[in-house]
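Two complexes are shown next, each including subunit A; its partner changes from subunit B in the first to subunit C in the second.
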Partner chain A sequence: MTRTAAGTRKRRSPRGLLSGLFGFALLAALSSVCSQAQSPTTPTFRTLEFFVDLGSVEAELAAYQFEFVESAQSAVVVGIEAGRDFPETPYYDPKALRGSRVIVAAYTLAAESTRGKCHVATLHLMETSADPKYQVDLIVAANAEGTPTTATISWTEGQ
Partner chain B sequence: MPDSEAQFNERSQRRLSHDLRALYAAPPVPASVDEEILRALEPAPARRRPWVLGTGAAAAAVLLITGILAWFGPPPTIDEQRKLAHDVDGNQRLDIVDAYLVAVAAERGDAPLSWDVNGDGNVDVLDATVLAQRVVRLPL
Partner chain C sequence: MTKRANQPSRRAWQTLCWVFCAIAASAVWMGCNTYISDGRKTPQSAPPGAHYLGGLGLLAQRANSVDARAVMPAEELWIIIPEPTGQQRSDAEPPAGSLLALTSGHVEVAVPLRHTDVAASIKGGISAVTVAQSFHNPYDTKIEAKYVFPLPHEGAVTDFVMVIGERRIRGLIRERELAEQIYSAAKHQGHVAALMTQERPNIFTQSVANIEPGKSIDVEITYFHTLPLVDGEFEFVFPMVVAPRFNPPHVGGNGIGATPRGQAGTSGQRVEVGYLGLRERSGHDISIAVTIEAGLPVREVRSTTHAIEREQPDSGLVRVQLRPGDKIPNRDFVLRYRVASETVQPEFVCTRDDSGGYFQLTLHPPHNLHVVPRQPMEFIFVVDASGSMKGRPLELAKGAILRSLSHLDVHDTFQIIRFSNEALPLTPAPVPATVSNVERARRYLDEMSSAGGTHMIHGVRAALAGSDDPERQRLVSFMTDGFIGNESEIFRAVLQHVGDARLFSFGVGSSVNRHLLAGMARLGRGAVAYVGLDEGVANAVDRFYERVARPALTDIAIDWGTLGVSEQVGGAGDVFYGRPATVLGRFSGTEPTTIRVRGRQNGEWMECTVACDPTRASQHQAVSQLWARKRIQALTDGFLRRYDPADGAAVRRLALEHNLLSAYTAFVAVDASQVTAGREGVTVGVPVPVPAGMRYETSTARPGG
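Now for the complex of A and B:
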């Protein structure tokens, strides 16, 4: 019931009540859609380039294996490709795609071309949150004789 | 006369005992020997500390248990045996280096048949590929 300008009360029809409720629901739905569109969960894509450094330009890299983990459940792996300095396409479990953990490994029989600090692989990630936590562990790096050597792994953001 | 016979026997035994004691009389023990025996029976003045003994016993027990566990420990499971079946470099771990060594040997043509990972009867680059795929496999 509403009050008219003259101060008398007027009963609202059911149709008016229903249209009011419908309008309210429509506004609520629109505001929800707009807030989702502007939320920080909008996925962004990032490229990480991984480098294995043997510490010497003379040292040859014949094989490497590393594990990458995103521990905050804020990103998933969506693609893996070879690096610029390692000719072989890396091996990985296809189950790792759309997951947050992957083991990447490759070997080459042409190790004379891979010396020093090598860009071995590139990972493409889809981040669903602004605060992903990346962790990478070098499992093994070996020279042309198949002997594990001391090496470090690092990553930078690619283009 | 049983009573007198018994008395006779008792007298005879006593006499025999007396005569034998007189015949094989033990020489007197010198006092110095007694003193020596008594000194040996006394507790040692500097004994081992109890905690040293306890530590030694604990270490021995730990060594014994470790040895028993190592000797009678559980044998490797079938999965572990299968996983390490192609541990080519023998470092008790399957990694990409094993695949690399298989590939190198396959290329040279001197790979032993025990490195036939896919079981097709020869060792070639496919075995290295299968091994490489195995080392990157994620657990379920």
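Now for the complex of A and C:
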């Protein structure tokens, strides 16, 4: 109900009231959508686990180095952790560090080096799009004598 | 169908109205929620009982004993009500079952930092220091811990590991903006994360997000540092607390704020430190262990600040640790030692990596820097008489001046300038050091008391105002704790006004701002000495006069032979008796060569040679990072004259390539493997004790004043 200039009451039609409310709701919804659109894409966090496979249980792993690249520029490494089978916390090469590229390495002086397929490292990542493109290359794997050994590297989604 | 039947009933309209209202309300709520989750905060209101005193920009709480009307214009002041029972709980702290416990007359305040463990290994005058900070959540809700803490101003912070239980997650160096974005996103999504940023070269902030109730998270930092060799003694210093700083009103929010515990956001500064109250202690304690491997017999190991335990399994190996009873982190830890050597040789230490070679050369002053009749001096003593100097620090400063005056003769002139809110000279111009003038100075010092803010800029300008005395070498000596938040402004003023004068300063107190004092000495082509609260000033002053009695080796030029040196930093200044110079740089040569160092003493050229074989020299991997840290310092000094974006980019690049924390870079670590339960936690600062020797009622009430 609204009051006219003459002081008489004028009944607002239900259609008008509905239109007003609809407009308000539309504006509010648009405001919400706009405010969400203004904020950057919400990043997500995940981990990737990296495995060095020596191919044979006889071969041992005392050191490794690999390069990890996310080629779509939609992820950055935010933490580096040792794998379950290689307890040394890996280092990274700061000179090679770019937003989505990192060279990771570790070595161990442990008497019993790791053998077989080893979970060597876990990378913690922040992804800014749903379609990152990951690539990993093993630069070197070596035994306790420092001799390079034949090996492959693979990764899986973190547990 | 009738016309009436085509229209909705009144009940239907009402239902529709409610539906639209619900949609609108939820949409508005979603918008608000998005706004908050972007990390923007609503302004924090003043704490209960706080009153803003208009016009002076003051924030004062209801004071029982301090008269807020005594405040000078432009003086930053807040007044703390002493907490008689300690039962007043901070608004910023989440509720918990047993936060406070009364022990030996002190209220023990639970804080989210339980322990700091420092392990230092010193080899060849370079220390590698690991600092482990153990954060713990004693509250019953999730928290983010924030800790503002000091490290040596020339330390190169190069490694950062977040430890969660048995898991160790190495953090990465990133551009500061990116690191802050990563940390913020992780925090809002419930991931445990840690971020370390640099606020000053000697002040850092550690933030640890999403610490669940009862849980602990450690952060391990590693830094390297070249120990200064002062009057034949190596000096290892670990600062433990950031003292309250005075921020002149014109610095805006770029200073370092000080607040009472639990009143974060009330200082008006972006970075602020909370201080424990008069009878409060936190459970945070510290342990320090230092191992010295000198390669030569180590002797005269002593700490001038703490009780230590030491063992020396052999002559070249010493292990030192803090006595268990001396574990309150409220003053610098200073450890000094000598290395037995008949002749002090220049030391060349290097390292090589894919990008080339890096070296550090320490040049000792020639042994034949004999005592010569010194040039008459015009000595300007500048005394910090602000509130923070009250008590023992001001007494030490006065003692140092009187001792200095006893070294002067009638050919010298002197001036004493005291500064706090303004600078006041003893006399309109420097006066000869006659008996009567020295007596006048003594009376002036006797009457001098401390109060007010640390407006050091007035002291710098007054002291460095042009001298028209061509017969005398002007020496300017600042005696201060350096508790200010506008260091860059002071550095700029020194550069602009120093002219031919030299700055030889004394840092006085238990937690001196060494970044400021050392920077002033560097830019003022002088040196700095520190006097702790438990030390006498006589030795420091006498050593100082030994230094100025022997003319410096000036105009130093270095012929590097075939070493192929580039991007040299340091060594451009003068070498003083008892103060070796350290030069760092890059090199490409691989052949043995001879380095020739030339300098002038009293107008005569002197030369010394250093045999150098880069393939057989001592190796230390940290040299590249120490070089980068010094290079960043040199570039940053250049910003004081003119900011060049190219130099800014160079600092950024250097810091990233050498894994260095800097003003432009930060370390960040995130545990992406799991999300903590519940909503985003409350941010809780780590309150720290007021430094030893500072008075809580005055100095803390006038932050750094």
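The definition used in the following text is that the second predicted complex is superposed on the first by the 113 of 159 C-alpha atoms of A that agree within 3 Å, B and C clash if a C-alpha of one lies under 4 Å from a C-alpha of the other, contacts with A are read in each partner's own complex, and residues count from 1 in each chain.
Quick note on the criterion: a residue touches a chain if its C-beta (ideal position, glycine included) is under 8 Å from a C-beta of that chain, and two chains touch if they have at least 3 such contacts.
Everything numeric in this text was worked out from a predicted model, so none of it was measured.
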Subunit A: partner with more touched residues, subunit B or subunit C: C
Partner chain in contact with A:A142 - subunit B first, subunit C second, else both or neither: first
Which of subunit B and subunit C A:A110 touches, first, second, both or neither: neither
Partner chain in contact with A:Y92 - subunit B first, subunit C second, else both or neither: both
Partner chain(s) touched by A:Q65 [first = subunit B, second = subunit C, both, neither]: first
Contacts of A:R101 with subunit B and subunit C, given as first, second, both or neither: first
First (subunit B), second (subunit C), both or neither touched by A:H124: second
Subunit A positions touched by subunit B in one structure and by subunit C in the second: 91-92, 95, 99, 102
In the complex, subunit C residues that touch subunit A: 7-8, 10, 13, 16-17, 20-21, 23-25, 27-28, 30-31, 34-35, 38, 161-162, 167-174, 178, 182, 185-186, 189, 191, 193, 354-355, 656-659, 668-673
Touch list for subunit A against partner subunit C, complex: 14, 17-18, 21-22, 24-25, 28-29, 31-32, 35-36, 39, 42-47, 76-82, 89-92, 94-95, 97, 99, 102, 122, 124-126, 158-159
In the complex, subunit B residues that touch subunit A: 89, 91, 95-97, 99-101, 103-104, 107, 128, 132-133, 135-138
Contact set on subunit A toward subunit B in their complex: 62-65, 91-93, 95-96, 99, 101-107, 109, 139-140, 142, 146, 148
